[in-house]
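Here is the structure we will look at.
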Amino acid sequence: MMIKALFFGLTADLIGSRSTDLDLKDHATPAAVLDHLAVAYPEIARHRILIAVNEEYVPAETLLRDGDELAIFTAVSGG
Amino acid sequence: MMIKALFFGLTADLIGSRSTDLDLKDHATPAAVLDHLAVAYPEIARHRILIAVNEEYVPAETLLRDGDELAIFTAVSGG
Amino acid sequence: MDFFELTTSPIGITSVARRVVPPECGATVTLDGYVRQFTKGRETLHLFYEAYEPMALKEMQKLIEQANRDFEISSIGIVHRLGRLEIGETSVVISVAAPHRAAAFVACEWLIRELKRTVPIWKKEIYADGEEWIEGEKDVTPI
Amino acid sequence: MDFFELTTSPIGITSVARRVVPPECGATVTLDGYVRQFTKGRETLHLFYEAYEPMALKEMQKLIEQANRDFEISSIGIVHRLGRLEIGETSVVISVAAPHRAAAFVACEWLIRELKRTVPIWKKEIYADGEEWIEGEKDVTPI
């Protein structure tokens, strides 16, 4: 299945990208995507990461579905 | 002794004056001035009155001194 | 950088809020009080505010001094309008700048509560069918 | 009368505070957050804010809905700035109008606390000697 991953702020800087399309196995989770990213970008594992799927916060163990928009970012700091 | 009495808002309307000079006996108090005013303007006695002498809140039993500025007004309602 | 004023001119919220911003601050809390059109169903046409001006300024200064002692804030601005005010016009603005916003919220709320209790200003409501000097509800304890 | 916006243009406090005034209200509390020049002694040159815009707007709307359920308030305006901000420029304005000011204070403080916790916006501080994405401290509990 295909999902779209979005990065913002620090995660975008670390990964050097703001958006990428991922071809994942069925039953993949955001946690699995994060583990995969941490291999290439180990700095990511040193930060507290929040996950949103289709613009809603979700736990990292949520099952992803084909066509989902997965956002991966550090704790927010607006205001 | 001479003191100057000031009225504001409701007390000015009730008394029909904003300022008057009073010739008082020694040891007069704001309470005595109020009692005197209440004879001529009984409506005053129906309101909670605050007293200031020389621009400071004081109890009604404070002794007045020659030259004092006595302000007589209802509970404040700014804001 | 504290300031307190009485004015018969319209008050700009921004001009008050932005006059109190020192470089160590990150947040300003502003209370904007204005003429309510309806109170308990009765319609106000306009308001009139009167003050015992020199004493009002002294009491405002006392409030500012006490707030600076009691709260971790950087600066305070208070401006109160006098004279005739139309519906929706600002009667009072209190701005408090602080390094941390929690203190600014607490101080601003304390300042408006105390201003309504102690600063000698009176409000007259002018209704379609009459007018009324409003009397405060809270006690002023002489010092 | 509630509204919430993201903008890359300067925010006017008055324009936010005065957009939320309904006729039954008498007070508006406004939180103005702005770029602090010094944080723990380190000087900030300027800031940059980035958002996950569609989700940020959804989260702002959720905050407004919950505040309207939880507090006796009449209307809320929230505007957050994005992009580059200079020292002293407003990053966020939250205005809450209420019939009674106590609810406006409580709701405004709740809104800024929750906005900082849940709305996906990130701040980058640019210092004389480097730059840093700021990471929030509070947990976001997924619903």
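Which chain is which? They are A, B, C and D, in the order written, and residues in each are numbered from 1.
As a working rule, a residue touches a chain if its C-beta (ideal position, glycine included) is under 8 Å from a C-beta of that chain, and two chains touch if they have at least 3 such contacts.
Small disclaimer: the values here were computed from a predicted structure and weren't measured.
Between subunit B and subunit C, the least number of touch steps comes to 1. For the pair subunit A and subunit C, the distance between mean C-alpha positions equals 49 Å.
Between the Cα centres of subunit C and subunit D there is a gap of 23 Å.
A straight line joining the Cα centres of subunit A and subunit B is 73 Å long.
Residue positions of subunit A touching 2 or more other chains: there are none. Shared interface positions of subunit C, i.e. residues touching 2 or more other chains, are given as 33, 112.
Listed by chain label, the pairs that touch are A-D, B-C, C-D.
Residue ranges on subunit A touching subunit D, taken from their complex, read 6, 8-10, 13, 47-48, 50, 52, 55-59, 71, 73-79. Residues of subunit C touching subunit B in their complex: 33, 49-52, 54-56, 58, 80, 91-92, 112, 115-124, 133-138, 140-143.
The touching residues of subunit C, when paired with subunit D in their complex, are 12-14, 17-18, 21, 23-39, 87-88, 99, 101-102, 105, 108-109, 112.
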